[in-house]
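Read through the structure below, which is laid out as structure tokens, and then see the notes.
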Amino acid sequence: MRPVLSVEQVYKYFGGVRANENISMQVEQGSIVGLIGPNGSGKTTLFNSIVGTHPIDKGSIKFENKEVSTLPIPVIAKLGLLRTFQQTRIYGKLNCIDNMRISAKPAKDNLFSVFSTIPVELSDKAENLLNFVGLYQKRKLRAGDLSFGQQKLLELAMALMNEPKMLLLDEPTAGINPTLINGIIDRLIKVNKEFGITLLVIEHNMRVIMSLAQKIFCLAHGELIAEGAPEKIKNDKRVINAYLGAQ
Amino acid sequence: MDLLIFQIPILMVQASLDGILLGTLFALIAYGMALQWGVMNIINIAQGELVILGGYIAYFMYVAGIHPAFGVIVSPIIMYFIGWSLYKTIIFRVVDRDLFISILATFGISILTQQLMNFIFGSDVVVAQSNFGTTFLFNYMVTLPNAKIFAAAISIIFAVLLVLYMRRSKLGRAIRATAQNARAAKILGVDTESVYAATFGINAALCGVAGSLIAITFTLHPYVGLPYTVRSFMIVIVAGLGNLPGVALSGMGLGVFEEFSDYIFGTEFRIAAVFLLLVLILVYRRFKLSRKREYLK
Amino acid sequence: MNQKIILYLCLLAFGIAAPFLFPAFKLQISIMWILVVLSLTWDVQGGQMGYNTFGNIMFFGLGMYICSSFQIGLFFPLAEWTASGGEKTFVHTPTQFFQGFFIGLILAAIIPAIVAAIIGYGILGLRGHYFAICTLGLGIAAGEFAGGIELVGAGQGMTSPPWPKGIGDTELRSEFFYYICFLLMVFTFLFLRWAYSTRFGLVLNAIRDNEDKAEAMGINTMRYKITGWVVSAFFVGMAGGLMGNMIGYIEPVETAFAGRTFGVFMVLMAILGGKGTLWGPVIGAIAFHIFKEGFWTFFLGWQYVALGALIVVVVIFFPEGIMGWLREKYPERFGEIIDEEDRKAQVELK
């Protein structure tokens, strides 16, 4: 298996705060990888570094053997590396279908395609994907009127609409009705298996991440303290200490 | 040629001194804007109009036969109440709403005030004579009107007083707490509404002081408010919010820049130079931040 | 659908017949169409994209100066024309006039569009307050600069070429300009109507709602923002060129870079009508213009005070405008039939 995303010795400081220090991780093609750690351990910072929200201070980030740590956000996204946000970001005044239609990758993307028409078949695709995340009935509502959990699902559907190669999910089950969580796990596995999208998931819900991921990385205080299969992580002393705050 | 070479150093001294004195005035207005921006997160486009309005108060004292220098005491008091009532009638409706509304609402206030002043005070350029005389330096080669020195001194005094007030008084502490986190302050029992009203009032009062100083040092006209808004905006973004020495320094820097641009491009391009500098600073910062992949937001 | 076509045809018929129905108001109606163009193009930024620009007036003034300068400069020395205040020593023949007019009008559209493209990359990278104040500065700086350039008459301004002698009277002149204005308005409207139906429109809305998200989804937002500004500059520039010819006299701060009049009007009209909609700016402009022409005189010098107050009131109490209010009241007319069952439906994942 070849790594689709490889993060090598990444450092990121905010002033004097060490957000990420010497982080190296490999994500293999077609896998589901978890990223856990207590609050403030630098998970979201690492996500931001990968998708280009801010530059890294040292190290390299390669996506499909291409250095992405110096590229701007839209370019990285166009390579097929997408993320969702912890606090959902959707286009609040547009309805769900429009949210989906605008998220699809255009056939051509150059100066002359600015005024290109949006293909009709995209609406069908959008409806199918909305159905996939259980939002079919809400498709004509304004996205801003949806509840937080529904927006989270919509954001997932929007990312799928773009047909990325890899998807970074920032707490996909946070704020979602617990009865739906099994459904989400099921959907994410389907996304991985059927759509062939590699997933890197930040998650606080241990039950979710343990049943989802094949490999887990654990961050604490900006450093990578453990990595390995879920079973191994579950019993790792350092991980338990980081979460429970041992001396 | 000889004459020019001989003159240049003197012109530079003259321009620098003029600029620094002028700059303290700008810094005072910018201080008000920074305060109000930091606390309420509103950019008041009508800032310059408040300045001019404050100036007219001093001017009318002068017309009534009172020395316009007393304007620095009367004008802030009147302006405080104008600012306060402006908050209570209009601004409070836009504080927590989106950017679009607050920008356009203050823009509307700016036009409203301009036109009211034009209608009430007339569109003539007016000056309040202070008869303070002039100081000569370097063997009569550099001339400084005492009014400008007076203006700079008063600006500094008011700025210092305000800083002390913000540090020591109960209201000052409440304002600073609200600026840091309005919600937390509210929960802890700070009446944020009256803090906002007071902040807007203090901002207007500062504008009143600056305006009455402008009335005795420069000229007043209903439509010259906007450049003061833009100047203070520029000073605040260069210095950063809450950086008072920075505000003072960049205010003086702007003053010096304007005096020099007067000598180089001519007075008729002064306002154009100010606005162009604004555009250049913003665009420069935008590119600097985008290299860090951040936005000027 | 048929209803819509009938509506469009009625409006078109009104537009064509208006100069004969209301011969006394030809100039007023021409200016109304110009205002519609201004508010439609302001809405591209202010409404659809969520960027409050106060600087579109810059393109208006630029177009005005460019059009007249070329109209004159193609046939006569421009400096002498402005120095003489457009005295009768230089007279355009009808052919010269029309050649100059059309070349000038096209350049008045193209040059501002190019300017918008060049400065767009720098300016449109700003957001929020910064963008608003920066464009405010641009508009005023442009006026101040124009007021300092001798070639175009500095602060005194310049005259645009008068209607050539020997081809009809002033009636023909005003009819000619009326139809050009009407054509420009119709063309602007149809172009934007089409543009909003394409990817362009959807991306602008996405930028308005959440620009960071749009970028994170791989949309090159800057490209769309610049395109939008270029479109605005193109039509506003042409409107400026026309306006300069219609009023016959160009003054830097009062007519060309008229931040205090047209610059404010375009913002107010778009909001009044309903920003972010296609018809809103049109309705807003027409309503505002009729109100302005009809009741302006009653204000006895308080017009601009009332204007300021109107902005404050509209922005605070009526930010969604006439269209927004109609939308609220008759959602079904806007294709917003929300099934209550759908709204309340529970999300299920099986």
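Going in written order, the chains are labelled A, B and C, and every chain counts its residues from 1.
The rule is simple: a contact is a pair of C-beta atoms (placed from the backbone, for glycine too) under 8 Å apart; a residue touches a chain by one contact, two chains touch by 3 or more.
All of these numbers come straight from a predicted model, not from anything done at the bench.
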Report back the single chain whose CA centre is most distant from the CA centre of subunit C.
A
Closest chain to the overall C-alpha centroid, by per-chain C-alpha centroid: which is it?
C
Could you give the separation in Å between the centres of subunit A and subunit B, each centre being the mean of its C-alpha atoms?
47
Could you tell me the distance, in whole angstrom, between the mean C-alpha positions of subunit A and subunit C?
43
Subunit B and subunit C have mean C-alpha positions lying a whole-number Å distance apart equal to 33
Of all the residues in subunit B, which ones touch at least 2 other chains?
none
Multi-chain contact sites of subunit A, meaning residues that touch two or more partners
73
Residue set of subunit C touching subunit A in the complex reads 194-195, 197-200, 202-203, 205-206, 208-210, 212-221, 223-224, 227, 276, 336-339, 341-343, 345, 347-350
Which residues of subunit B touch subunit C in the complex?
43, 45, 90, 93-94, 99-101, 103-105, 107-116, 118-119, 223, 226, 229-230, 233, 237, 266, 268-269, 271-272, 275-276, 278-279, 282-283, 286-287, 290, 295-297
Can you name the residues of subunit A that touch subunit C in the complex?
51, 73-75, 77-78, 82-83, 85, 89-94, 98, 101-103, 105-106, 109, 111, 113-118, 133-135, 137-138, 140-141, 144-145, 149-150, 153, 158-159, 162, 177, 180, 182-184, 186-187
Write out the stretch or stretches of subunit C touching subunit B in their complex.
50, 52, 54, 122-123, 125-130, 132-134, 136-138, 140-141, 144-145, 147-148, 155, 260, 264, 267, 271, 301-302, 304-305, 307-312, 315-316, 319
